[in-house]
Every structure is written in C-alpha cells, then in structure tokens.
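Paired with chain B in one complex and with chain C in the other, chain A is shared by the two complexes that follow.
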Partner chain A sequence: MQSNRLGWILLAPTLVILFFFGVLPFIYVVYVSFHQWNPFAADPTMIFNGADNFRKIVFDAEFLNSVSVTVIFVLFAVISELVVGYVLAQAFMKEFPGKAIFRTIHTLPLIMAPIIVGSVWKLMMTPSIGIIPHYLNAWFGISINIGTSPVAAFATIIIMDIWHWTPLVTLTLIAALVSLPPDPFEQAQIDGANKRQIFFHITVPMIAPAVVATVFIRLMDALRTVDEVWMLTGGGPGSATRFVGVHIFKEVFPKTNYGYGSTISVIVLYLTIVACWLLYVTMLAPRNKKD
Partner chain B sequence: MKKNNPIIAIVFWSLVSFLTLFPIYWLFVISVKPAVQLFSTPDVILSDPYWGNYAKVWGDRLLRSYMVNSLVISTGNALLCTTLGFFACYALSRFKMAGKESLFFWTITNRMAPPAVFLLPLFLLMTQVYAVGDFRLLDTRIGMILVYCTFNLPFAIWTLRPTLDGIPKELDEAAYVDGASSWKVITEIVFPLCRPGLAVTLILTWVFAWNEYLLAATLTNFNARTLTTGLSEYVTTTGTEWGIMATISVFTLIPALIVFGLVQKHIVAGLTFGAVKG
Partner chain C sequence: MAQVKIDNVIKRYGSVQVMHGVNVDIDDGEFVVLVGPSGCGKSTLLRMLAGLEEISDGAISIGDRVVNDVPPKERDIAMVFQSYALYPHKTVYDNIGFPLKMAGRDKSEIDQKVRGAADILDLTKYLKRYPKELSGGQRQRVAMGRAIVRDPQVFLFDEPLSNLDAKLRVTMRVEIKELHQRLGTTIVYVTHDQIEAMTMADKIVVMRDGRVEQIGAPLDLYDNPANVFVAGFIGSPSMNFIHGQIVTDGGVRQFRSDSGLLLPLPQTALPDGHKVTYGIRPEHIAIGNHGVPLRVVVVEPTGSETQVFAKHGGDFVDALVKDRFKAAPNSEVRFVIDPANVHLFDRTTEQRL
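And then the complex of A and B:
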C-alpha cells in the first residue's frame, strides 16, 4: 500500500474549494442565524438575539406549513416518478423498432434548465395565453386557474416535476435492470414462481440500491427546489406551493428578514442531512462495503 | 424473454413521446409568434412562423456575450469538477485514510444547502475576501466556475465513486510492482478504464452548470452574466415578453441538446450514483 500522503494530496484541491465556497458561507449563515438582521434596511446592523430565531421557528405556522407542503410534494412526486420510471424502464428492456430514438426523446426534459421548465409550464398553464386551460375549457368545460386554485397549482407543480425528473429515474433504473444477472429469474421460473412473486422477491431486492440512490438524489434536489416553482407559481396561490426552498427565498428577498431566513436554512439543511444520512447509512453504505 | 407485439410498443412510446415533447414543442411555438398573437386562440398546429424574435435575440450583442459566458463557465466547471472528482475518488477508493467515508458523505452535504441564504455570504466573500488588489472574484467567469463546484463537485464525486471502486485494485498493484509511478498508474491505467463514467459525469455537470440560475443571477452583473439570467431580464413590471423568453429558452436548449446527444450511449452505463452492484 502506498502512503496516505498521496491520497490527501489528491483530495486537497476538492477540500480547499469546498471549504472556501461551501464551509465558510455555511459558518457565516450559522453566525447570522443567531441575529436579527436586515442587510437592506437603512440601519443594517446585526442585532444579536440569542436563540430567539430558533424559538420562533417552532411556533412559526408558515414555516411548518411549508415543511408539510414540501413533504407532501416530495412523497407524491418521488413515488410517482419511481412508478412511472419503473414502468418505462421495463418497457425499454424489450426490443422494438425505434427504441434508440424513443429513449433519446424521453431523456430530453432532463437537460432543460429548471427556470425554463418553469416558464414553459407557466406559458402552457396561464389562463389567458395557456393552451391547457383553453382546451380543457373548450372540450370538457373544466376551467382551471393555477393563479387562484391551490389544488390546480399544486397538481401542476407535481406534474411538472414528474415530467422533468422521471427521465433521470428511468435511466438509473435501466442501468440497474441491465446489470441484473439472469440466473435468479430463470431459477424462479423453473420453480414455478408467478410474476408477482418474482417482482417482489427478486426484482425489488436486486434493484433496491438503485432505487434508494434515486430517491436520495431526488429527495435532496426536491428539498431545495426554487427556480421552477418560483417561476410557475411564485409559491402561491396563498401558500399552496410554498415549499421550504421558496419559503426561505421569500423570507430573504421580498421580506429581507435575513437573520430568520438563515435560521430556517440551518434547520432545513440539518433535517435534510439527517434524512439523507439515515437513508445512506441504512440502505447504501452496507452494500458499498461488501468488496 | 417473451415476444411482444412491436405495434403496441410503438403506440405506447409514441404516446409517451408526445407527452414528453409537447411542452418543448409549445416553447418553440411561442417563440415563433409575434407578441400580438399570443393572446388569441391558441392553435396547436404551427402556421406562418414569425422569426422576428430569433432575429432580435441573435442580433442582441449582450445576449451573445451571455452565451459565450455560459459556454466558458459550464465547460470550465465541468472539466474542473470531473478532473478533481476523479482524483478525489481515486484517493477515496484506493487509500485507507482515517475518516474517509465521513468525508465522502460530507462532500454531498454541500449540495443540500438551500441556495437562497447562501447567496449573500458568497456575494460578500467574493467582493471583499477573495480579492487581490483590484481584482474581485465577483462577476468573473473564474469566480462562477469555482462557485458552481459547490453543487457539481460533490455530484461528480458521487457519480464517479462506483466507477473507481469497480476497477480492481490488483491492476494498480501490478503496475506498481512493475515500477510505474503513481502518476503513471492514475493517468495511464485507471483513467482509460473510467472513460464511460467520466463522460457521463462531464456531461451531467456541464448540463447542471449550464442550467444554473439563482447563483448566476446574484453573483454576476455584467461581465460573467449567463444565458439563463438573460431570461429573467424579460420578466419586467410592465409585462413579460414571452416570445423573447421562449426564444432565449430555445437558444439555451440547443447546446445542451448537442452535448447530451454525444453521450447517449454511455449515459446508462455511467449512471449509478452511489449504488454499487453488489
């Protein structure tokens, strides 16, 4: 074994960059989270207020609401993406003419900027110019308005998220399905297992790492989503689509409540790390250690 | 495997493709409509395209310079993150360093931070602390390349780790026995074997950097402004210029499309993100 010094030398640039652009800003945010501060006010002094911000957060109905809205959004979106992604990945496992073209088409949403996705869906859904409300009304007599109906806005965001991120799930699951060895499946068929048994007892356990990895990355990104939602609904109507990321954004920019916004960020970051750490330690790490 | 009727598959996939493509198609439709027609009855079928928006965007020198900035920043960032991520993963997978697994997890926590609040500290650091003489990191391409590392470098490390773990250590050891230097082992033995994983990492980090909006909107104002920030400049208090916005979006989409098309084949092989085959 070579000396560990080479290892640290190879890691050094990464650690230096993440320190200057990740850790230092984080320390600053933690520091600010103990203060009351409006950097854009006439008198931009930081006022130390101890743990007041943290006390406030526990009773902050808006924040708690944003957390529950986020959790519902993440559950709906990630589960739908997994189901749709799995069905599509399985469909891609068969040979059919034009498969390569269809797969390319299916991956297209992945490369679109969140802010563009937000504006496209806004273009399609805005009542006066959007095509979807227009035809829903003309053909079925349903009138939807994402500007006034919380349910419509929430549903639109979920559909948008499914549209945007299912391709990533599909690709990851294809990668997992392709690498499955055929033997267990053949063995199960010989033993007379039915389709459902094969699915639950062989396929699911074998693709579980890939599923967890996908949930991991989607969870992480869904919790910090801002661009798309901000563009489409601005968090409204009311607080129907005010996810945590958007909530913090609103707290910091329009309300210029920087100290409190920092507190929320620290808490949210902490919760995200804990959730991801648990997922990682219980599901991913043990498998990685096998070799 | 059982035989399937290809007709059903094609019909199914045509339907899925229609749903996938429609929003992108609609973006294009909006981009070739003059502003006055936007509010008339929306037609699904495109007739009589109007290229004025394209002429306007292409003729805008400012937007062209934004595009160059976007290209430089995302290419620089993708190369930097993939290279550093490759070195970091080699270290993490080959050496028995104390606490390396915690370090590995720590890198990804940098990606989890809610972005809104981190804008200000980054802004302050880049104006006041990371400055040499008259040079400030704010609003420079190199500054944005480094800032984007906060989300792309962890992603690169997490995507490349399974690839490097999958390469047998015996290969390195055999080369060392033959008297090769560490540099030679990394560049001539390990690197070529990682190519599919590196290609995917390079492309995905490129796309993420190309698409980033919030940081670019705050940390640049003129010299390093990117194409995505150009979009929001057309959402004004007097009304949104949807046609121009859609046109810029199309311009943003095309390079990403080309880059992504190049690696379609490798994308599945390289996408494992932390999930190692058991």
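And then the complex of A and C:
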C-alpha cells in the first residue's frame, strides 16, 4: 500500500497537467463536435445539432479526398524514411572518414521547426528564384512548378518530409542496431544463413520493436502534418496536397467552422488509433502470443 | 566427421601479434579441449576454426580441405556459444530447425530431425517455448540441439558451461561427453576450467599467451607436465612449487629450498648446486611421523578430504589427505613425500628436467 500511494503521489503532477492540457481539451473537442459553432458570428452561441456534423463528413468530398491524399502521403513518406533511415543507420554502424561531421549534418533537419522547413523549401522551390527548379532546368531540362503541377507539389512534400524526418528514424534504428547482441549473428553465419537470410530471419525480427515504435511516431506525426504543407503549397494546387490537417485548418480558421472542424479532428484521431492498432496487431502481437 | 589440422597459425591485430604459430592435429572423432587462462588465445583459435575470425598466416584444414578463405557457412561445422546465442524471437523448435531451414531441407525432414534432437536432449516438452521462458540448462541444450541436427563434421564449443551453476555444470559435462560417445563426431571444446578439460578430453591443448604449452592426454599432462605452467594449471588443488637447489647433505642427495627446507629427491644426474624448482602435488603428500617437519597454517576439511596448508620459513606447502586430520595452527606437522612423485623444473627456463 505504501509504495502504491507513493506512486500516485509521484504521478500526481503529471496526471494533473495531463488532465488540464490533454483530457479536458479532448473532451471539449468531442463536445464541440456535436454543435454548430461560429464564435465570431453575430450569434456566437453553440447550437447542438446532434450527429449532423458526422453525417456531413460522410458526404464531404473534400474531406474524403483529403483522407486519401494523406494516406498516400503517409505511405510514401514513412516507408521511404524507414528504408533510407535503415540504410543510413547501417552506414553509421561502420567506420568511415568524416563520420562524425556527416552524422551531425545529417541530424540538423530534426532541430528545425516545421514552419521554417516549409518556408526554406518554398524559397528553394519557387520558380525563377528557387535553386531546385533552376538546376533541374539547367542540367536536365526539366521545368517544374509546384504552384501548377499537382504531382510536383505532392512529390516535393514527400521529399521534404523525408529530408526532415529520416534522421529521427536513423537515430532510433542506430540505437536498436547498437544494442543487438553479436552472437546470434555469428551463430546464423555458422548455421548457413546468407546475408539476405540473416537480414530477414535475424535482423528484422530483432529490431522489429524499435521499427514499430518509430513507425508509430512517424505515422502519428505524418497524419497531422500541417505547417510545412501550409507554408509550401497551402494545400494546393487545387486540393492535391490538401491533407486532413490542412483541411481542418481551413475549416476552422478561414471558415470559422469550429463545430465541423472538431468533428473532423475526432474522426482523424479515431482513424489514427485504428491505423496504429492494425500495425501493432500485424507486426508485434504474433510474437507476444504465448501458449 | 573429419580430422582437423591447425598448421602454424598466426594471428595479428594490426601490428600486435596475439597468436604465435600454433600447431594442433586433431584426429577424426577426437574430443579435444583447448584450455588456458583468460587471454591465452583459446577462444580466438576456436573462432578461427569457425571462420568468424580471419587467420593472418598459416593454414587450417577440416577434412582434406584448407578452409582459410572458406566462409563459416560452408565449413560444415556447428558451434555452441557461451551465451548460447539462441534466436530470441524464435521458438525452441524453430531455433533447432534453423540450420536445416537455411540448408533448404523440406519440412518433413526438418520436423523429423528436430524432434529427434529434442528427444535426445529431453526438450520435447519445450518445443513451443521461446528462449526467455527456459532455464539456463534448457537453453544450453537447445543450443546443442541446434548443433546436432546438422550432423556437422566438427562441433565447436566455446565455454558452453560457464554460465551454469556448479551442479548443473557437472550434469551437462556428463551429457556432453555422453553425446560425444553416441555421435562420435570430432569436438573442439574451449574452457578455462581444467576440471572440465581433464574429465572430458581425449586430448588437451594447454595454451598460454597465444602459444601451445603442451598437448597430450589428460593423465599424460597430469603425470608428465612439460613445464611449470602446465604443472600448475593441470590438477586441483594446484601443484606446490618450491625454489631451491640440489645439495648433498650427509652423503644423501637432497633438495634444499631457499629457506633451508630439506626435501627428498628422485634419481637425478643434475650436479650439486643446480638451481631447480621442486614440484609436488598436494595429493601426493601424506602425513606421517618421519616426514619433513613444517608448521600448520590452516586446515580445511571438506568432508571427503582435508587440505592442510603448512609452511617453513618462506616456503608454503599444501597437502591433500584422505583422512580426517586436526591440528592447531602453528603446531608441527610432518609431510611424507615419495620421491617418485616429485617433478623437477629448471629455475630459469621453467622446463621440466
């Protein structure tokens, strides 16, 4: 009992903070999602409208489009980050000249705020002044304009996200690789496994928990990407890069549609939880199962 | 099954040479134990046999094939690590079956062999468990199972019993030896424990500082150690060493230690005044009425035998007797030494005379 009480006392400050800044706002958002509410209108009262907002979502083509755009973006970005991050992590496991400097430079994007990443990339991508369109044109004769080409805009955002977040994946995978015991790998060589078999039979299962944790983090982050995209393309051209985060932002701020924005937020949270749960079940649960 | 030949093998890490021309011939079906203190190079030698460590010079052959540049997976060897190196995410069944799966054997054959090995090692009940759900001894047996399903040419064991408690170590020692008798496969076994070496080996290779000190059958090494190091390493408790010289006293040739202790000598052609190290095993000393007088320091009864530590000046001598024996510290005790059991070593070269 003693240690139990001490535990609660030690947890109390966190729980209080969590309640006021996490639980309470969440409950409030759920509450708002059942209302029609424009706090800046002539009549700023909340009007309860039952499940109308939720019903509206199902027929909201823009929202459905934003979900599919987001899913495609997340798949491309997270998978690429995993692959590139793993390759870099393996590279950092070896010794090569300039490793320390390269590692520092490689980690720099992580410390930049998304809004700055967005504005820097915007500068680099703007036709006529940006360095990337300039050299693509000068060297390969390719002219791109993220203001008019949906594909270019979408691809740029994925590349920007990879540039920004791969270092995080690299760091967590390095941590996982460093902590692996060497013996099973030597044993596998003796047992007759080749490099590919060692990778799939030994390395992947042994770093799987770290990979899943990393994917969780990246998934949740990527699903709520707003500022970089807002800065770079504003969700355009058209709705090519109108991710759910951007969609919610547009509903809430320019349109001041707080009730409907909250509804979308709740649904997106729900979808995120489902995605993470699916990931957990498929990747980790089978090994935790015991007779 | 195969013979193994280690021919003048040298190992260097950069400019540091750690293995200085090691030669060992291992016969087909032989149980060879590499033994020596930490850092003597025994594990490195085993890893070179496995192909996990490159050799800088010399040749290693398994069967009739020189394997210097052959990767581990093509050497047809199986190895059991000190840590067991089980795959933590695989069940016992999959751990044991892994080498067969890698070799592309079909499922029914894998199943038959895994169950066969599990049966030999008493693991049938645990086939569906994960390594973390097993005890140390069970993990050890899984590692052995993974080795025996392959039916390799050579088994390599790297201190496989070091992580087990004393009682289990004795049991597993018997099991490994029994397994060898049943399978008849060549085994190279590394340990720092001379008891393991003595009890299990057909042939012991004693190593120190990257050199082979002596190779021989266990009792051979016990009876005829080549030098002070081997004499001190083989046998427990360790041999007594007393520094002194050969003298003739009252017409009798004797050994006189630096502190003046007189001890009986075996037949020797060495001249008087020759400086030697006198070696006598504790179990070869009896307690009697007409022996060498010493003062008791400590008496350690273990039940089955009694170890008596005694001294004379600066010389400590330790005796192991079968009888129960009681003596007060500092009382006089007489050690009876049969000269036939005495070993003489040169004091400077430490080689046997």
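Throughout what follows, the second predicted complex is superposed on the first by the 273 of 291 C-alpha atoms of A that agree within 3 Å, B and C clash if a C-alpha of one lies under 4 Å from a C-alpha of the other, contacts with A are read in each partner's own complex, and residues count from 1 in each chain.
The rule we apply is simple: a residue touches a chain if its C-beta (ideal position, glycine included) is under 8 Å from a C-beta of that chain, and two chains touch if they have at least 3 such contacts.
Values in this document were obtained by computation on a predicted structure and should not be read as measured data.
Once the two complexes are overlaid through chain A, chain B and chain C fit side by side, free of any clash as defined at the top of the document.
Applying the stated contact rule after C-alpha superposition, one finds that A:142 touches neither chain B nor chain C. In the overlay built on the shared chain, the residue A:183 is in contact with chain C alone; chain B does not reach it.
Once the two complexes are laid over each other on the shared chain, residue contacts for A:83 go to neither chain B nor chain C.
When the shared chain is aligned, chain C comes close enough to touch A:192, but chain B does not. Counting the residues of chain A that each partner touches, chain B and chain C differ, and the larger count belongs to B. By the touch criterion defined above, A:51 lies against neither chain B nor chain C after alignment on the C-alpha atoms of chain A.
Rounded to the nearest 10, the angle at the Cα centre of chain A between chain B and chain C in the chain-A superposition is 80°. Within the superposed three-chain model, A:108 lies in touch with chain B and out of touch with chain C [touch as defined at top]. Figure legend note: chain B and chain C, brought together by superposition on chain A, show a least Cα distance of 8 Å.
In the three-chain superposition model, chain A touches both chain B and chain C at residues 287, 290-291.
Put simply, chain B touches chain A in their complex at residues 1, 4, 6, 9-10, 12-13, 16-17, 19-21, 23-24, 26-27, 30, 38-39, 41-42, 44, 84-85, 87-88, 90-92, 94-97, 100-101, 103, 105, 107-122, 124-125, 130, 146-147, 149-150, 153-154, 157, 165, 176, 182, 207, 210-214, 228, 231-232, 242, 245-246, 249, 252-253, 256-257, 259-261, 264, 267-278. Contacts from chain A toward chain C in the complex involve residues 181, 183-184, 186-194, 197, 201-202, 205-206, 208, 287, 290-291. Chain A meets chain B in the complex at residues 1-2, 4, 6-8, 10-11, 13-15, 17-18, 20-22, 24-26, 28-29, 39, 88, 91, 93-94, 96-98, 100, 102-117, 119-121, 123-124, 128-131, 134-135, 163, 171-172, 174-176, 178-179, 209-210, 212-214, 216-217, 220, 223-224, 226-227, 244-245, 248-249, 252-253, 258, 261-262, 264-265, 268-269, 272-273, 276-277, 280, 284-285, 287-288, 290-291. Per the touch definition, chain C reaches chain A in the complex via residues 50-52, 71-73, 75, 77-79, 81, 83-90, 98-99, 102-103, 128-130, 133, 146, 150.
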